[in-house]
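Once you scroll down, you'll see the structures, which are given as structure tokens.
One chain, chain A, appears in both complexes that follow, with chain B as partner in the first and chain C in the second.
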Partner chain A sequence: MPGTRAPLRRLPKMSALPALKTAAVWRWRLPVLLLSLCTLVPLGVLLPALFNPDPGIWAHLIDYLLPQLAVNTAILLIGVGAGVLAIGVTLAWLVAVYEFPGRRFFNWALMLPLAMPAYVLGFSQLGLFDYTGPVQTLARAWTGSSEWVPSVRSSGGVVLVLSLAFYPYVYLLARGAFATQGRRALEVGQSLGLSRAEGFWRVALPMARPWIMGGLMLALMETLADFGTVAVFNFDAFTSAIYKAWFSFFSLDTAKQLASMLVFIVFVLVVFEQRARGRRAYTASARGGQQPRIALAGVQGWAAAAWATLVLLMAFVLPFGQVLWWAYQGWAEEANAVLVDNALRSLMLSAMAALLVGAAALLLAYAVRRDGGGFNRLLSRVATLGYAVPGTVLAVGVFVPVAWLDNQLIALFGAWLPEGTGSILKGSLAVLLLAYVARFMAVGHAPVDAAMHRISRSQEEAARNLGLTGARLVARLHLPLLKGGLFTALLMVFVDVMKEMPITLMTRPFGWDTLAVRIFTLTSEGEWERAALPAVLLVLSGLLPVILLSREENKG
Partner chain B sequence: MTKDLLVFESVSHAYGVARVIDDMSFTLHDGEIGCLLGSSGCGKTTVLRAIAGFEPIAAGSIRLGGRLLAGDGVSVPAHEREIGMVFQDYALFPHLNVEDNVGFGLSALPRAERRARVEAMLDLVGLGAEARRYPHELSGGQQQRVALARALAPRPRLLLLDEPFSNLDVDLRERLGREVRDILKHEGVSAILVTHDQHEAFAVADKVGVMQGGRLLQWATPYTLYHEPAQRFVADFIGQGVLVPGRVTAPRCLSLELGEFCGLLPLGFAAGDDVDVLLRPDDVVHDDASPVQATVVARVFRGADFLYTLALPSGQRVLSQVASHHDHALGEPIGIRLELDHLIAFRRQ
Partner chain C sequence: MMGAVLAAVAGVAQAEELVVYGARGEQLVKPLFDAYQKETGDSVRYVMDKEGPLMERMKAEGANSPADILLTVDAGNLWQASQMGLLKPYKSKLIDANVPAHLRDPAHNWTGLSIRARTIFYNTQKVKPADLASYADLASSKWKGKLCLRTSKKVYNQSLVAMMLAEQGKVATEKTVKGWVDNLATDVFPDDTKLLEAIAAGQCDVGIANTYYYGRLMEKKPDLPLGIFWADQKGKGTHVNISGAGLARYTKKEAAATRLIEWLSSTKAQNLFADVNMEYPVNPKVKPDVKVAAWGPFKQNLINVSNAGSRQAEAVMLMDRAGYR
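And then the complex of A and B:
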């Protein structure tokens, strides 16, 4: 029982021990420092742009871009925020607390949209609602006109697509909270005289708030980071503006300026979330476990099933069906050498990134285990910040210092280099992989770190006591126990890199087109049908972690 | 004159085919503290949840102050029953401070009254100084008292406590048990608690019900339960003691290995019946002058006394509570005699 015992008294500092030698101190700090540089440097190079903007660029932005971007970003954040809450919380509540027809199926099926990259959902919805698409064709067949069908190529359409793509974050976290405390929250409320409806609003919802907020934050970060969907919808957002500034107007400085502002918005969001928590501490009820569900009878039960069906249809079944249909039709022409080449490059990049991130995550977790002082704890958090930084921003942030380094190298060693060498690191695979490591470190670190936490100090001490030290200790104790977490990390990073679009697009070596890049190229020409086959491959690979996730849940 | 408050009559409850409560009845008087005692899975928590309105009942009826709460096709929703509950893990709201937790059920009251009631409740449980703190900043005992104050604040007609002390350290458990009893008596609140700990039940409750396998075996005062257990299971479950074989010799008398004993009341058996007789440790008195000798086979020094396990010549074991200065070694024979106020006997199975 926490809190009943007096806190352990701090042991007095053992001043008798000689101070550790500097080398020993840095042994476990250096790796953490180096890994944190992967995110510190890209973010650091953007700071001058934020605090000391170039007046010329700034004036141009204010006049032409910023007003629209500000409005659009507000629409995205508010619209998608409301959308994912409305969809995610209601579905989580129904599935966690009530019993209704199909509940067991919906319980996991509602996670399926996680497998679908938002931009695939985006272009398939565009195809569904196109003039020649099934919806408008049906509308013309039945009513003679399709004028009345609302255009999906609008801010409302983008908000709907992103809400459908990102609601699973809220759903997953809220469902976990409701499953352990939802029914009991109702009971506590009832014992204090609240009806069930009142109990939901006054007890269950506030108690699940940190989890719901966590899911909302993830969804909003993804929204701010989204590049593929807004690009395909031609919706001006910071990410697409950064890309355009760099690759259409060739103004890296404008891109830098925009990127720094996007980071600032993310930062404000994070601070806002932290502040909202305040002093309250939340823990899942110790008595969790499965509680019997409340049966929804008759109409209520069917209404719940209908709502879940509608969301599942819109977010997964229809768009995936559409993409499958296109892929089937275009199979003969599209399944060609180019596609195989793209797929192989996707696989290769994903595998390399997964291994790199996996190794980095192991190193990070172990270094913090060996030296858990303030320095390491702070920098290990910095090293995992990248998940909050949109890919377009990281691409700019990684490119700028690499370009600078190239120039320095060429200035120094130009005499020995072949005539006309313009780049050494720029445009190399190393830059791309470095950006991946920065972006996906958190994805790989979380499962490895969780596994590391399950290895207790006394287990390590017991192993030492039995004569194991150094590398043998790691090989015989840590690695076997970290295997599961490491596997999850590799898989998650692998799939995330498969789906990744902006970093790959902006920093890939010449000719390195992946599946995601191919989808971008084709969909920016409006060729939905041709983009379908690579999209199917991405969705199939994306199903892997979803299956893993639901299997882990079944284990309890 | 005591008034019936809660009448729990012939109630049954089942999950699927498994009967969790089996035709169970008891009555709690106004102002009384009742306790359901039993090991885990005996159905005691389900009884509590049925009273609170969280579980539907399959048969029987539950009445509170004459009002039908459940049964005969009636089921008053939980929030309209005016029954408060203290949950096992307290279920405090982590997003609210102590004050707001306690005031949570008082939203119908005007602000000033609500504040006054919260203040009074916090004073009652001695947490006036902690009003602005959050649950995780409190100790386990303090959290428990906040849960109690929160449940009492809306002035429920009946308070239910589900294993209220099970999350606390042993010494704290005893102290809080007494405190809770004082608070309930001071407020004049009737209550039912559920526990598997007999000491807790005896310390807090006026009436204790022993449950086993969904049935209520006996509902009585702690004194009666200990001295006049109505069933073999109760005799075994409550307190220490040994059942030794005996034979009925006359309507009021029976013979044991330790001699022949007669009580004041008829035993309800016929002469010649084989029975088991309950011997509590304080019934077996150490007496050097006694002709009956038993060998010490185990001993526990408890400070104020010794608890000896003794073997009779037949090998039958009995427990004996002996004053602290009678220090006998293992294997040593000592003289004992029986001092029985009343005979508790059960038919041999």
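And then the complex of A and C:
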């Protein structure tokens, strides 16, 4: 702790040059504005539709769909919210603070379900637990009936599958928080005479709040934007209505209106969460994590291991085993050189997008750090909204302005362009990558932002007093302290891009067929089992960064 | 320059590259395009996405769209594309000669290239074919708790109901759909394969599915107790839909693109087009694949497939009202 606080070096308040003042004001607003444009432009495409509602379709929606939809959306938000918190927080706490059989393994293995697309998880769970699946078939063979087996094609089934698919967001972020301050928090609690449980509830949990809420928001946004999984279970969610309006009523405008409602709901959630978080400080008092782990002995230890095993089994081992089995059966039909090419393109795109989104998220979080005014706080939240929009709608939102720009450019400069030029920006890698920024900013931003909260103003002041400014300050102070959050961001974005389908389909350069695209082409004709091999490759490729990350952690 | 030299060496005059925007699985069309290139020198760039996004793409690209042909499954989608002004009528007597009139657009905006029949399947251990008759009969109370259906969100069911609407009117159709819902053995299925497996496993006795899903399943598991029944043979005939294609409105290679569609409807290509997915050729001169032919001949419903599009929204609203999810 610095004993004397030197004032921050700021521009003199009474600057003589207004231009200089404006420049200073915009220094940290401009990057936020530019980054939020990536999301604002595609969302802007939704807006004109708001003034053009189709009364016939809306009357039908209100009479037959919206009431059920409101109920189902509430079920999803509350159910999946509770599910990911229960699974993610408990596992993160166990792994970060305690020692129990298999802890080192579970520490990284519990990230694995992140690599599995939710719709694949849903489909394989259905394959396992539906009437014709092995579980019910065995039940009928042994007991004569399978009616007592709870149906997976129910709201409970959807909530369970989505919770299993999305808990890793909470797990990863909460683990990061607990690993650095969890044991320290317990120690503080003990010194205040609190029991271990009280220490968890009253000290550790509130301290980890930005991280946990960040993970929860990601899980909820992905839940609201999900179409593939709810479609597998025929559960009518918001996205079902959006696609019904678009594909069944042929009314993209109605789809856009519904999507705008969805974005609005999420925006309210995000603002509410931020307000509730308030201006409390979440900085770490010291480098935690040095205290020894608490050993869980006997039954307690085995119970912890059993809980982790159960989650891993349901969220990864069983469904992945099912997909592996399908892949093995269809091996000869699907194994070819094209798949290798698909896999390489998936890896390249994911790596590029992860670096780009990681850098953008860092810039966004740092800019808000430097200038935390209303302008920056609002726009930095807007920049993360792309994650809550159904992928196909966002894809249209990206494509339409780019195609418009191309048409304008061709109209203006056509004479100088080669004969027959139909695209300039369209179909370029740059557009695809920008679209990923629009989509996945939330995923990159959540862990980086949470880690930024960890750095205190006094640490920054101390560094400044040592003469560190600008880029050197970031490189010497922020980056080392943000390392954990940044790695988490890179990992999650990498894996998410790997799984992304609609935006890649619509904006990819010609020939850039990824594994997800391959899965789409096969499943479009209902050939789920032929899609198993690319799905296996997709999961395996997603594992690469998980392994890299866990090695990095073990070093640190 | 390189291209011109290569073309000259290969002895092919002015090979064109056509861009096809398609929603039909790439694995199903690639063999065709390869064969076409071998025969004519013209190559095809295939850009695959869902129908909705593909159409929005063409709309946004406008006159600068690289697409020469739009190839989709389901007549409803092609109907919608022509409503949006994305297609341009073809001028070809050959296509009209190859494709029966009910399987193409009366205004020539698009044509069918393969037939997909949607009919009734039953558990052979529980049901005799004599018990079965028509789609509407599945609404009768004798099938209470014995019927399996796929979700109404799938366009195949929307087309089926749209055609019923066109022929039988709103009252009769709504009655049938409500009867189906009352007869359901279990919640509706996400896909046809799962539905067929459920019939075979005895979860229900009868259901409605596309024939090629049956073909694929039986190829893998030939012992399943599953039978196919041609619906409405005493009435108007079994419901058929198509996968098909139309010229993109702003194609700059109209002649070459028309040639490709003509070729796809010709005797040379029809087997390749249909057999790869166990569908039926549209060209009546071409026989279906042996495995497909084994299911026996059937009478098709001859109502024009464009009704699938013009009645689709109405059909979906009807299904929503009837509680068919």
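Keep this in mind: the second predicted complex is superposed on the first by the 308 of 556 C-alpha atoms of A that agree within 3 Å, B and C clash if a C-alpha of one lies under 4 Å from a C-alpha of the other, contacts with A are read in each partner's own complex, and residues count from 1 in each chain.
Quick note on the criterion: contacts are C-beta pairs under 8 Å (C-beta built on N, C-alpha and C of every residue); 3 or more make two chains touch, one makes a residue touch a chain.
Every value quoted in this text rests on a predicted model; they were computed, and no experiment measured them.
Undergrad: Should A:Trp246 be classified as contacting the first partner (chain B), the second (chain C), both, or neither?
TA: After superposing on A, A:Trp246 lies in contact with chain C but is clear of chain B.
Undergrad: Which partner does A:Asp236 contact after superposing on A: first (chain B), second (chain C), both, neither?
TA: Second partner only.
Undergrad: Which holds for A:Thr309: it touches chain B only (first), chain C only (second), both, or neither?
TA: Once the two structures are laid over each other on A, A:Thr309 reaches no partner at all.
Undergrad: A:Ser155 in the overlay: touching chain B, chain C, both, or neither? Say first, second, both or neither.
TA: Touch partners of A:Ser155: none, neither chain B nor chain C.
Undergrad: More residues of chain A in touch with chain C or with chain B?
TA: C
Undergrad: Which partner does A:Trp404 contact after superposing on A: first (chain B), second (chain C), both, neither?
TA: It touches chain C, and chain B stays clear.
Undergrad: Is A:Leu505 touching anything from chain B or chain C once the two structures are fitted on A? First, second, both or neither.
TA: The answer is second: A:Leu505 touches chain C but not chain B.
Undergrad: Quick one: is A:Asp130 in contact with chain B, with chain C, with both, or with neither? Answer first, second, both or neither.
TA: So A:Asp130 only meets chain C here.
Undergrad: Which of the two partners, first being chain B and second being chain C, lies in contact with A:Ser550: first, second, both, or neither?
TA: Once the two structures are laid over each other on A, A:Ser550 reaches no partner at all.
Undergrad: For chain A, give the residues common to its interface with chain B and its interface with chain C.
TA: In the superposed arrangement, which is not itself an observed complex, chain A uses no residue for both chain B and chain C.
Undergrad: Can you list the chain B residues touching chain A in their complex?
TA: 52-54, 77-80, 82-85, 87-89, 91, 93-96, 104-105, 108, 134, 136-143, 150-151, 154, 160, 167-169, 172
Undergrad: Flag every residue of chain A that touches chain C in the complex, lowest number first.
TA: For chain A paired with chain C, touching residues are 57, 60, 64-65, 126, 130-132, 137, 151, 153, 231-234, 236, 240, 243-244, 246-250, 252, 392, 395-396, 399-400, 403-404, 406-407, 410, 420, 422-423, 426, 502, 505-506, 510, 517, 520-522, 524-528.
Undergrad: Across the complex, what residues on chain A touch chain B?
TA: 1-4, 184-185, 187-196, 198-199, 202-203, 206-207, 209, 279-283, 285-287
Undergrad: For a test of understanding, state which residues of chain C touch chain A in their complex under the given definition.
TA: 23-28, 45, 47-53, 56-57, 60-66, 80, 83, 151, 153, 155, 158, 186-194, 197-198, 200-201, 203, 213, 216, 252, 277, 312-313, 316-317, 320-321, 325
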